[in-house]
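Input: structures, listed below.
Look at the two complexes coming up: subunit A is in both, with subunit B in one and subunit C in the other.
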Partner chain A sequence: MAGISSARLSEERKNWRKDHPYGFYARPTTNTDGSLNLFVWSCGIPGKKDTIWENGVYPLTMEFTEDYPSKPPKCRFPKDFFHPNVYPSGTVCLSILNEESDWKPSITIKTVLLGIQDLLDNPNPKSPAQQLPIHLFLQDKDEYVKKVRQQAKSYPLAE
Partner chain B sequence: MTDRFSAMKLTYGEECFKAIQESKVLVIGAGGIGCEVLKNLVLAGFINIDVVDLDIIDISNLNRQFLFRMNHVGQPKALVAKDAVLQYNPLANINAYHGDVKTQQFDLEYFKKFNLVLSALDNISARRHVNRLCLSAGLPLVESGTAGYLGQVTIIKKGETECYECHPLPVPKQFPVCTIRSNPSAPIHCIVWAKMLFGKLFGGQKNGGDDDTNGITDMDNNIISGSEENGDIVRDEQLLVEKEKGYKRWVFHKVFNTDIQILAKMADLWKEKQPPSPLSLDNILDQKEIDETSKEGDQLINQLKDQKLWSFKENVEVFLDCAEKLKDQSEKENGLVWDKDDEISLSFVCSASNIRSQIFNIPMKSRFDVKSMAGNIIPAIGTTNAIISGLVLTEAIKIIGGRFNECHSTYLMKEPSSRRLLIPTSLEEPNPKCFVCNRNFITCKLNTDKVTVGKFVNEILKKSLAVNEPILTVGNDLIYEGGDQDLDKEEIAQRKKIEEKIMGQYRLVNGSQVIIEDYNQDFKVTMNIVHTNEFDEDIKKKKEEENKDQNRAKQQDEKKKEEDEKWFEIIGSTTTPSNENKKECDATNTNENGMVDDDDDFEILETPVPESLVCKTSSTASTNTTTTTNTTSLKRKYDEEDSEISDAKKQKSDS
Partner chain C sequence: MDKDSKLATLVEYGYDPVVAQVALEQTSYGDLNVAIDYIYKNFGEGSLDKKEVITEPTPLTSQPTQQLNTPTKPKRQISTSSSKRLKSSITVSAGSDDCYEDQEDSEEEYYQDVDDYEFDIALVDAFPKANTVIQSKDIINTALAEINNISSITETTPSAATLLLCYFQWNPNKLLERYYEDPERVVSAAGIKKIDQFFTKTSVPGQMCSVCADDLDSNNCSYLSCKHYSCDDCWNQYLLIKLLEGGATSIPCMGVKCPSVIPDEFIHKVAPNLYNKYLERLAQTYVDQNPNMRWCPAVGCGNALKADSQSESTAQCSCGFKICFRCKQESHFPADCEQMKNWKKKCEDDSETANWISSNTQDCPKCQSAIEKNGGCNHMTCIKCKHEFCWICLGNWIGHSNCNSYKKEENSNKSELKKNLERYLFYFHRYNTHEQSKKFETKLRQTAIETIVSFQNKTDKRWIDIKFVETSTEILIQCRRTLKYTYVYGYYMGEGTEKNLFEYLQNDLEKTTEQLSFLLSQANSDLKIFDLKEMTNLASVKLKHLLEGVEEGFIN
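The block that comes next holds the complex of A and B.
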């Protein structure tokens, strides 16, 4: 039986519907019978304007457990997403998503998505998760920018 | 009854003893605490007992679950426990069920048969379920648990005490992927890593999924640094060489050499501590002896005492040996699931975590320690269970004897505090913000095979319960979302499709517990759905009565005739008697407002049967929007103030 987790998630859903940042989307995924699975959300994060990430909306899956919000959701970009702090599996490595560092139960889905949007253009070389992006980021900025812009094109804004 | 209970009668009085004999008690769980509790109940004179347990008897239970014997291993706990305690008192009337308390078999109706519930469970999820059913049924619950030397007994009663979920429950620790994968600092990190490695290597598709690959990189990846395009790529060519030499060497080299080289290159991680150093198998073992050592390793596993720490070399030997065996086994069985009780699986995780510990300068652990850490084992102690079960009985007798005000929560400590091991505390008040117990429970009876979701939402939720934009949740799924403003076309189309479905074919079956919220109102209620055919048969009869008794009603609204049929019933939960009256009064006011504006409610009000709509919901912050109805008063209101109805209708259209 679901508990605090589903109550909180349905609250998050309500709050998101009432107010969410421009350009983002976040919605529980649809089950085969048409109901929504509160524990898996599909989201989209727009790259910030005037950064090399702009003009892309990056799809992200958020997976919650019964222990949410005591534990953070797992956030994943598509496999092999190009970013220094994203594992090859797509999992985002970010302090607010880390139970042992900065995660707090009060952090909302909105905060998480805004945090990840911020991470896009501000990678943290101290917690590298993928070799190529971190290598390029530190040693070959031009190539890094090229790769990021290329990636933005493959996740265009809707319509 | 014979004299055997004379001491009970003397201690608690004839009246209390009579209450004991007449009470109906439900015991959930027939394990460590359950066995003790059942024995205590029967010896204290309890007669009507139901016991539910889904488990079967395991040999490891026998040291403390004393109702079971060697020849019972493999049989259902509940049934064997029943037979065993019947020997203490053959006159006891015990029903034993081998089943999961979380299933529909044990629904709210089942719970309502009892006076008291004693839970002797071993997991949080079942406890939460029982907690909610008891709150919902208004039943007192004696909740108990032990962990090693520690134990606790407490009482939960709706409206009087904290419930099991009034405060967030501690959750078992989980480690972030970054720590496990790149930067371990404690043995448990290496053990978790080793379990993930097991899943990655031997899990097959059954236990695979790329989630687990976070802990370990792609087995064929030998890029240490740089990239192809930049031309500065550095590869570990040795990995291919090792792969040629066989599976176990390949795995060993990959996880303890290639991957470690990659990690060691991440300079930022090693500013404050020593970087890990990759291992070379050839330096550890003589190349030509490997095949023989693996045989030795096999013997070692059997000979060594679990508590002895293996040497580093032993770990390496065990690792190689187990890797090979598990690979074969995995291929045969199409994927393995890690099991702490499987010798080879445990040895693999133990050796792999120890080798990794060595690389990161973390202390190694014995097989025994690894087993308990990897398997999350908490030792169970018979004495603790016995003490706690004694307290369970004491509290049960207080409740049955009508001395609820004397009940306590009691903690059993490991070390004495003020020379006491048992620390009684008074029961805490319910947390007003609790999302479980400070919520209203209502029951809705209707024909789930006929009514559509749309009718349920529009007629019952929106009209009768005055929920404006309902949001319905069942379990982990959001099954219906009201409110149009911000939903897109697709979402609304999807909702239309759902509205057309029959309730019983879309999650709203008999026994469903649906949480009803409103998009804008601060409203929340839990509704139990009960399927019934009774209204279909009753409709005719009631219509006749209606015509006879209520002439006014007939005149009132001719065109509504068809809809006047009663096709559902809403029943509030039993609230605690002490505040029930007050609640009803409070709620009635709001209800009159809530109901008057709703012309369809005639159908309910006109029904001569007073129970047609009796919603007794507790008065909480959300009562403004709740429907608590006293049918008679409402009926009278309509009789007297016919003229006002049209005004009320107008009001509705205004709003």
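The block that comes next holds the complex of A and C.
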């Protein structure tokens, strides 16, 4: 069923431009020849206010396949992003992004980004993806907070 | 009389060396008569003709060629009281001449003999136990019948009944019990809240497909009562993926976090092409989820087996495959599931390594660590203990001169590890050999019928006699399977008297099995029905003894 993925992604793009949550950004990347690549989006997720993640906008890449929306996009933070549910490669471990568990074709980019924002301050210790963050999160909260705040500084709000 | 001569005397009397040894040990090498009494008490009740010389069965290879060329087929006399004899003495006395007499005496008498021949044990063990075999094509109908049954009792739609059954793992009794306690709770727990309602080809103004963002019209819009609108194309693709993933029955609606489950009528209407796939998956779930049912694991057999009770541990498929209900593998008695698990793991872990180590390494003569030679020079220096030695003769390099003269290999310098590996390889090799033989002999099962038919046409032998080939094949396969797993059992068995006896019976069964196997492989060209009956009986007696021994203990 070729075409669904592109059509759906255009629709996502249209909807996002019409309305999106405050502080977020999401846009398709540009190919080297200047054309739009609908299958790779570059996004930014702001840390929620009054959490240790605030004052940072965390860059995230979303990669879609031809099977989208039957299959979920792959969401990646920069390599070695400090979070208990992010693999060392940067890939986010979240149930709604897992084809075998909670992914539904009707989940939109907005839903995904809001879901990941929520995950930032509510890590799920039951499915750890990276050793140091989960260790500090469970054993040494002070050091964990320090690391997160430090990371927030390296991804400052634009302007 | 010293110990050895006592043993020798008993062996001379015709007792098996192992049995004699055990008896002597148990009676602290006292009076010989006490030992003999012990044998009688523990290994057999009847009287043994002490003068009877028990010879080993004749080697398989020599026997047939001689007989093929003999115009009058020699008939072997067998003692019908074989089971009453000492277990250990059940060997065929084929060697002595007076056992043969002319068959030409009278054909009638021959048949008479066969008819009078009594089986010492029932052969039922070779045939299916009390379990139901559901042929692959009937599985879905069985499942649908069960669904309809629940549907009519609970007065729900078939799709709701399917969900209820899935939720209760196809246990109708539990389902009904809970359902009558609290129907509403059961219904919502199974995910069938209102889902009996769905809409196809119904347009909803102002809505678009939640998946592909296409406009919806009355030609392509379908949704469940949870109102997650989508076009039929997207439903189709979604359902296809879900069905390919294998989740047949509780496919949720496409809506974000929507718990509604898609009913089968919806699939039937929206994706008619996928309905067969759905039924296939339903049958799969039906068997998978049912604690009393198992798939037949034989290659290419899609039948399902249903045990009449959960206590049943083995079941046999109509294709002949026998499975262990607990671990879903081939029936592996006398080894238990736990042993099989360890054994399989060991095979996976060790076989490769073991083969490699035994073919590529030698042990350092000083510290016994395994060493691989990675260069051409035979002057070795052990990396661990710095011992210098010659790779060829394993002698000390210092003062090493000629190692080209042959010396008998002494095993004493082999490490514990290597000995263990050798022990494992010993068992593994035999386990594997029986497995291979069984594979070949399973093919006999298919040819057995052909043999029967061809023989009935060719000879005047009676149907009932020739039909016996089938029974023999079953017994043979059963012996092979058991033998295969006795090596797993033996591997995990502690050393001692028990093991000696076990190995004795194992060896005994092995010999008979080989003979039976030989007779059957010849059946196509030269069917010796009487020999076959005798050997089959012998094999099943020996099999029974072995299995009884395992179950009840070999001593007493």
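What we mean here is this: the second predicted complex is superposed on the first by the 157 of 159 C-alpha atoms of A that agree within 3 Å, B and C clash if a C-alpha of one lies under 4 Å from a C-alpha of the other, contacts with A are read in each partner's own complex, and residues count from 1 in each chain.
Here is the rule we go by: contacts are C-beta pairs under 8 Å (C-beta built on N, C-alpha and C of every residue); 3 or more make two chains touch, one makes a residue touch a chain.
These numbers come from a predicted model, not from an experiment.
Contacts of A:91 after superposition: subunit B is touched, whereas subunit C is not reached. In the superposition on chain A, A:38 makes contact with subunit B only, while subunit C stays out of contact range.
Which of subunit B and subunit C touches more residues of subunit A: that partner is B. In the superposition on chain A, A:107 makes contact with subunit C only, not with subunit B.
Once the two complexes are laid over each other on the shared chain, residue contacts for A:13 go to subunit B alone; subunit C is not touched. Counting contacts by the rule stated earlier, residues 1, 4, 7, 70-71, 100, 105 of subunit A appear in both its interface with subunit B and its interface with subunit C. Of all the residues in subunit A, the ones that touch subunit C in their complex are 1, 4, 7-8, 11, 69-71, 100, 102, 104-107, 111.
Listing the residues of subunit B that touch subunit A in their complex gives 102, 125, 128-129, 132, 165, 168, 171, 173-179, 181, 210-211, 213-214, 217-218, 223, 225-227, 229-230, 262, 266, 268-269, 435-436, 471, 473-481, 483, 486-487, 494, 497-498, 506-507, 513, 515, 517, 519. Residues 1-7, 10, 13-14, 17-18, 28, 30-31, 33-39, 66-67, 70-71, 74, 79, 87-89, 91, 93, 97-101, 105, 125-129, 131-132, 135-136, 140, 143 of subunit A are the ones that touch subunit B when the two sit in their complex. On the subunit C side of its complex with subunit A, the touching residues are 210-214, 228, 230, 233-234, 237-238, 241, 245, 252, 254-258.
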